[in-house]
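So, here's a batch of structures to check.
Consider the two complexes below, in which chain A is the common component and chain B and chain C are the respective partners.
Take a look at the complex of A and B:
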């Protein structure tokens, strides 16, 4: 079974983020980076399928050079090889363009299965899987919370949908899955895995290597123009309650009883 | 002058309530840009659902009828839409619900039209006739402003609540166009069954007070702290997704887009950062209190009262105070 997992590198969630002056992106100086959480579950799902049926797991990513660190981690967890497409001409705020690049990496590989996380913690469009599936002509499944492979060409999928609805679905491969956090228990990279990862292939490609020009990436009928980001205006003005824990407790109860009248 | 497709979603014999919001958004867009609105219903037998859509002053209700459309999946659904575009004309805009079943479909529809889909739209602001699409980024810390350029079709996925259903105009009798699309390539996924998770004994929907616990609690053992406060206040215990994923509480406690939507008079979030998936489930709460040591946590953007302190100090103090007040007859 040949499985490709898409990995995105996002800011570590413990860091406070601020915007660049033009609002186009976040300030990257001083941030720590990690693999997008749901992508870790995707990697684990891929590794488990390889352990069951053999084959290989390819990790793919789009982003600047720093993303090699995320791919090394994916290799240390057990992926067999990795490809990073690093090219400043890729419009990173358009999931269409990023997905187009990933599809171009995957098309010649013809994987049986492509796995992405449910959504990225930075942009969160939740489109990568769909864009890849459409370019490759693969079946696609959102919100996968469980999967079994009774045969190497067929998966039994459990999807978690809105309002506590679960769908059980049979899918014939090839397919693209969007994995939800919680689908499994992502493994930690072992010391042996970290050592082995240093020797595994990690190719860094530019658009030319994929036979693409920047124009090829864009939608010809509708283009996403990223005007920038801002801190949302608060609809409710929060009232912070401060002091020693005892004082906070007393003040909060007073406010809830006398001001908000909900106790 | 073009057409706006509004994708009408449904479950069983009932339209998804979000459909009304999509119709309202389409009406506004149509008015500002001079388009006509079509509501598009796909299914094995969508006719009975058409009546609910015929109450809006839109041009057409389109019924795409085919046995393969009984179960919503990308291959048959996109072929049906392609058939509609070929048989009539490609739309200027497509508005679809940004809900889980449409995550792959919305992106694929964009690629099929060679259009860059904008999904997860939280709000629309207008610059004259031009919609600026607002979507959350970086787990709700920021919002992005997005414009679409090009001839279209423009494909936009709206979050539930992005447009108020109250804005919809009613009264009218759209014509019904019924088509049986050609579907050459069958879907390669097959629904075995669809089940609704048991709600169990945790009745979050009717609880007047809810204390919800998040990732910040750190471990299953620490839940006892929050449970004590819940017991003292007579509150039901809810949880955000990471707590359930970690196995610290069962699924029936989960609040948010995958779990339950709640509307208590008092919601207290403990160690919850306020990711969009959780926030959509608590928006209806009358009063929101947030306890989180990070003063930048997004939950403070929607909270009425905020306590930016260590929950392990504040929660026990609060429990103690609640008990004292009860002894004094103040609560």
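Take a look at the complex of A and C:
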């Protein structure tokens, strides 16, 4: 079974974000990075399928040079090889472009299965998987919370819908899955895994290596324009309610219901 | 929220990406698996034995030893970072790994026969066998040369008699590396297996420190050990002391972990605790304490990083390691005391960790060579005059 997992590197959640002066991106100086949480579940799902049916797991990513650390971590967890597309001409805030580039990496690989996290924690578009599936002509399944492979060419999928409802589907491969956090228990990278990762192949490619040009990522294909980011201003309002206890309680209740809307 | 570490000088840049990844994985494991349960074990006075298979899975046991015996083959800086992260969890946990890795696996790799290495090292790396190190005796601590445990040669075997005290992993160990004097007065190392007739492993209880660590007393009464269980190259006190240099190196790193844990707690607490209408972090006396903590942690990190790089080049000596152990544990203990002070009454609660670290560090301060003995080792080195006796 040949499985590809898409990995995104996002700012570490334990760090407070601040923006660049032009408001176009976060300040990267002093920031730590980590693998997008749901992508870790994707890696684990891929490794478990390989352990069950054999084959290989390929980790793919788009982003600047620093993303090699995220891919090394994926290799340390047990992925077999990795490809990073690092090219400043790729608009990284466009899910279409990122998906298009990843599809170009995956097309010649013809994986049986492509796994992505449900959404990235930084931008949260949740569209990359759909774009990849469209370009590869694969079935795509969102909201995956569990999967089994009774046969190497068929998956039994459990999806989590709204309101605590689950559904179950069977899909014939190839397919693209968007996996949710909580679907499994991502493993730690063992020290031997970290040592072995140094020797595993990690290819860095540019657009030309994939047969793409910047024009392929422009025009009618991508209609999304990135305007910028902002940090919401925190406002604190304090109001003292005075009067008899009954009146205070009544007015407080009303405010909690109508203004704060917590009741 | 996960632990972010303390890195005032940007020393992360001096680490390789593998070293950082090793540290970060162990850090996450400590956050996930150790911190939620460690106070319970400290309170109950039990070692969290269920963590051993997990540590083995992560390859934390004998991490800097030879891959051909099933170990990860990391460099010494990565090994040090592991010790740092484990001791941020608890000194008892770091002690377990120090003893297993540096005091039992390392001597087997260094002094053992090929058969001993092939039998014990993979098993110990997988956590299927736990080791302990028996050098200290009830009456011989700082003066190990005086040890009175005897090994009498009898045909093709040895007969051991004596008592070893304050032995980390003492009652959970499957194998004890016991140091004993032969008839010529030469100190030799023997592998004594659990269940050998005449060998008893008794638990030391009623401790207020290292409560989540197993401490034992080893009693040897006419214990017959085959020649094949003697470490062939471990001859003389120097062989035993070289093991301690390995372990002390890890302790120097471990102390940084305990100190960072205390500093982090104290800083957060001071920023949030309001007295006289403002956070106590805004008062000069509190800031002085916090700045002392940060400064000493930073110096501890520099010292360890240098020791580690020297060790990787085979150039570190035991006197330099003594300075690392002496300095880092001393300041970690001061930092734990100051953190407890800043936290006031809350400082004694399990919830805030600092009292647990403080109690633990009181042991670390005097084990593996007391603070004073390390001072005398360095003193002798610089003056040429021994002040031990």
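Methods note: the second predicted complex is superposed on the first by the 228 of 263 C-alpha atoms of A that agree within 3 Å, B and C clash if a C-alpha of one lies under 4 Å from a C-alpha of the other, contacts with A are read in each partner's own complex, and residues count from 1 in each chain.
Throughout what follows, a contact is a pair of C-beta atoms (placed from the backbone, for glycine too) under 8 Å apart; a residue touches a chain by one contact, two chains touch by 3 or more.
The structure presented is a predicted model; accordingly, all values stated were derived computationally and were not measured.
Peer 1: Mind working out whether A:65 is in touch with chain B, chain C, both or neither, as first, second, both or neither?
Peer 2: Neither partner.
Peer 1: Answer with first, second, both or neither: which of chain B and chain C does A:165 touch in the superposed model?
Peer 2: first
Peer 1: Quick check on the superposed pair: does A:198 touch chain B, chain C, both, or neither? Answer first, second, both or neither.
Peer 2: It touches chain C, and chain B stays clear.
Peer 1: Tell me the contact category for A:208 with respect to chain B and chain C: first, second, both or neither.
Peer 2: Neither partner.
Peer 1: With the two structures laid over each other on chain A, which partner does A:29 touch: chain B (first), chain C (second), both, or neither?
Peer 2: neither
Peer 1: Can A:188 be said to touch chain B (first), chain C (second), both, or neither?
Peer 2: Touch partner of A:188: chain C, not chain B.
Peer 1: I'd like to know which partner A:73 touches here: chain B for first, chain C for second, both or neither.
Peer 2: Touch partner of A:73: chain C, not chain B.
Peer 1: May I ask you to name which of chain B and chain C touches more residues of chain A?
Peer 2: B
Peer 1: Would you mind listing the overlap between the chain B footprint and the chain C footprint on chain A?
Peer 2: In chain A, residues 13 are touched by chain B and also by chain C.
Peer 1: Can you list the residues on chain A that touch chain C in the complex?
Peer 2: Touching chain C from chain A are residues 13-15, 32, 69, 72-73, 76, 188-192, 194-195, 197-198.
Peer 1: Please output the residues of chain A touching chain B within their complex, sorted ascending.
Peer 2: Residue positions touching the partner: 11, 13, 16-17, 19, 26, 93-97, 99, 118, 121-131, 133-135, 139-143, 156-157, 159-172, 175-176, 178, 180-182, 218-232, 234-236, 238-242, 245-246, 248-250, 252-253, 255-257, 260, 262-263.
Peer 1: Please name which positions on chain C make contact with chain A in the complex.
Peer 2: Chain C reaches chain A through residues 1-2, 4, 17-18, 21-22, 25, 28-29, 57-60, 63, 67, 72-74, 78, 82.
Peer 1: Can you name the residues of chain B that touch chain A in the complex?
Peer 2: My answer: residues 73-75, 99-108, 110-120, 132, 135-155, 187-197, 199, 209, 241-242, 244-245, 251, 257-261, 265-266, 273, 276, 286-290, 294-296, 300-309, 313-314, 316-318, 320-322, 325, 330-331.
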